[in-house]
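As written, the chains take the letters A, B, C and D, and residue 1 is the first residue of each chain.
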Amino acid sequence: MIKTEIKAIQEMKERVCHENIRLEKSGLVVLTWGNVSEVNRELGVVVIKPSGVPYEEMLPEQMVVTDLEGNLLEENSLKPSSDLATHLVLYKEFEEVGAIVHTHSKYAVMWAQAGRDLLPYGTTHADTFYGSVPITRQLTEEEVLRSYEKDTGAIIVETFRNRKLNPLAVPAVLTRNHGPFTWAKTIEKAVENSIVLDEVAHMALGTEVLSNHHEKIPSYLLDKHYFRKHGENAYYGQG
Amino acid sequence: MIKTEIKAIQEMKERVCHENIRLEKSGLVVLTWGNVSEVNRELGVVVIKPSGVPYEEMLPEQMVVTDLEGNLLEENSLKPSSDLATHLVLYKEFEEVGAIVHTHSKYAVMWAQAGRDLLPYGTTHADTFYGSVPITRQLTEEEVLRSYEKDTGAIIVETFRNRKLNPLAVPAVLTRNHGPFTWAKTIEKAVENSIVLDEVAHMALGTEVLSNHHEKIPSYLLDKHYFRKHGENAYYGQG
Amino acid sequence: MIKTEIKAIQEMKERVCHENIRLEKSGLVVLTWGNVSEVNRELGVVVIKPSGVPYEEMLPEQMVVTDLEGNLLEENSLKPSSDLATHLVLYKEFEEVGAIVHTHSKYAVMWAQAGRDLLPYGTTHADTFYGSVPITRQLTEEEVLRSYEKDTGAIIVETFRNRKLNPLAVPAVLTRNHGPFTWAKTIEKAVENSIVLDEVAHMALGTEVLSNHHEKIPSYLLDKHYFRKHGENAYYGQG
Amino acid sequence: MIKTEIKAIQEMKERVCHENIRLEKSGLVVLTWGNVSEVNRELGVVVIKPSGVPYEEMLPEQMVVTDLEGNLLEENSLKPSSDLATHLVLYKEFEEVGAIVHTHSKYAVMWAQAGRDLLPYGTTHADTFYGSVPITRQLTEEEVLRSYEKDTGAIIVETFRNRKLNPLAVPAVLTRNHGPFTWAKTIEKAVENSIVLDEVAHMALGTEVLSNHHEKIPSYLLDKHYFRKHGENAYYGQG
């Protein structure tokens, strides 16, 4: 491997380690649950958290480097997160995605366990997610027994295809009875999307408790907030 | 600009920076959501948080200085918070208001998303808000497309006019499907009003879960608590 | 005043200041809400938090010293907490009580605003409160206008008399549309009772959400847990 | 006692003290509630937290050493946790269990007070608990009066026998109107099971609020997640 590639992978490891720890500090993660990965499509390399390593001891050199088929690329590598296969399916299908995050964050899990789309009740949701965050269908017994983590990726892809969703406009999914995955072009943004998702999942829960008629945000207000922050006419932030 | 004006604006920047950070530390703010501004009516100057700058890096010199029409008054200024236009409408209409705060604080947003007035269920509410915190009507599609942030201010004003509310007696509003704005004569008090609002929004949510009949605080008890802390016969605090 | 009395009052001030700060650190208090007092019945002296002073700046010498009629006993005293009159009524009626705490803690307030007794659903409740924590009746308009804080004490006393409750066995009350008062022989225990009250108020809220039939703890289990910790046959702790 | 035994007990005390403090830091414990014990079956020794000692002052030498009948084995011992008798019954019946934890953690208590099994709504539950966490029946008045803590153990055993549950596959129970006990082969894992239990109890509460039909996780998905982490075909973690 040439020198610049070694350096690029080293920097990926540092970012992946840093963002996994940031995810845990944000309060979304209990024990060792949750994992963050990043892809470098030119090098054909994915870096992901190792499985079951406590966050307080986590070091960049422990991050696991694989190719897009999940083959380990370094000697003496730790085992990758058991959800790696799900990440890989998503990287292959969602071509603009540069990083993926999986958590069992409390409020997003409540919606996943209830088997429901997370509905866009307000502008906090619309600022990040352009419409409902979809729930996947249940995996069949055959799918679970065959290749569970890979098929988890496959039903996410199926959900986005069937509903004709753009994964960068709706950068999150709820896997039924399980929990959320989020993603983005950059790893910082992918982690932020997990933070936003749990926050709006909590807000939407309270909204339903308070109201008998569940009235979604009007589509023109959804558009306004989403495009105030995203796309060529965005005017939020310093960019 | 003469020397005392420069000093006055410098002090505004320090206060606005300090109170934005205090707002974030209070737990009401996720990521870069939320903004605090202050007006100096003699100078015709508003100071507000820049858009999308992380709180941990925020410095007084980054605060944005505008006139009451929103024109930037300093060279090399950062972009102001995208909600500036809403603040300006409120400063023009609410003549005694010296500072405005906008957040997406969780429990206040739940009420805003439910499209409901926050009802005064107890003395914690009455100590700060003299009656229900009103919900605005929904903006029309035309209003959203025309001048969204300005019209957000306009429907707040419309709400207070229609209901004949005194903005200093009810120093908060819930914008429908969006979230709260609070204000006060001083910037410290405006931030405190956001803190109180989220707390009483949480208490009121639990109150409704626990009771089938939602009985508001009696008006004489509302009066007692509000006027124990406000107006010429107040006897709370050391003032 | 003789030397030992001066020393006794100095120690009361230190305890009262310390326990007010502990109350705030426990998460039960927002802004300057909440107050703790202690009585020395031999000296005829009450020490209470001053009104509206921020917790982070609070010093023992700022604590306010009064007699049992509420007369200030020191020159240059700050104003006492506006709830002093309520504390004094309780000290007079509940002769074994040595300290009183008032908060607007979130979950206890939800029950107070719902106008309901806090029911004993489990042993966590029974370990501290021997039966329901009672809700007071609503004050009449006349009572509120006449002497609000004193009459708040009077309806607490009325509630305990009418229900024949022992204030040391049920060391807490919920004042309707307002919030909790707790007490105990010692100031440390009085603060702990506020902590326990909010915790069991939260647990009871969740219990009701989860169950359609609200089944109270059996009275024999209530007895067991209460008397495991209280009275001459107690066997909890090292005492 | 020979030298290696003294050392083994010393190490137990350090672990038990450390894990009691970790339990408190995890946010599951209020005041002095909660206790952790460990057994050494070869030595016939149990080490448990003393009753009512504040966590911030807790030292390894204060941990209480007993035999499996609850007899104190050291001079000048503090009194053991009042729940010791429950722990001892469980150690006798559940032969592979090496450590036991009791808490009054908020969300687990809500389910215990509601008198309901904690249902497996998702994979977060299935990763640790192979099926519902069972609720015990109510103790009779006679049982409470006779030997309350011992009979609390007896009804846990009865529950596991009647339902033919494997205590290592379902390492937790909810005692009705009281709260949870968890256990495991190791003390670290027993504490983690308490953390997971409260988290999934919270998630399940929200799940029920969000859904009218309460649909449990399919059994094949429960199997998959449980056996992904447990047993000879587990592939989670580095082990």
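FYI, contacts are C-beta pairs under 8 Å (C-beta built on N, C-alpha and C of every residue); 3 or more make two chains touch, one makes a residue touch a chain.
To keep track of the chains, here are their UniProt names: A, B, C, D = L-ribulose-5-phosphate 4-epimerase.
Because the structure is predicted, anything quoted here is derived from the model rather than measured.
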item	value
Any chain that touches chain D and chain A	none
Same or different residue numbers at the chain B/chain C copy interface, by half rule	different
Centroid distance [mean C-alpha coordinates] between chain C and chain A, Å	47
Approximate Å spacing (C-alpha centroids) for the pair chain A, chain B	33
In chain A, residues with contacts to at least two other chains	209
Graph class of chain-chain contacts, one of line, ring, star, complete, other	ring
Which pairs of chains touch, using the document's own definition	A-B, A-D, B-C, C-D
Chain A-facing residues of chain B, complex	30-33, 50-53, 78-79, 82, 104, 106-107, 109-116, 138-139, 141, 144-145, 148, 177-179, 205, 208-209
Partner chain C, residues of chain B touching it in the complex	121-124, 192, 195-196, 199, 202-204, 206-207, 209-211, 215, 217-218, 220-221, 224, 228, 235-239
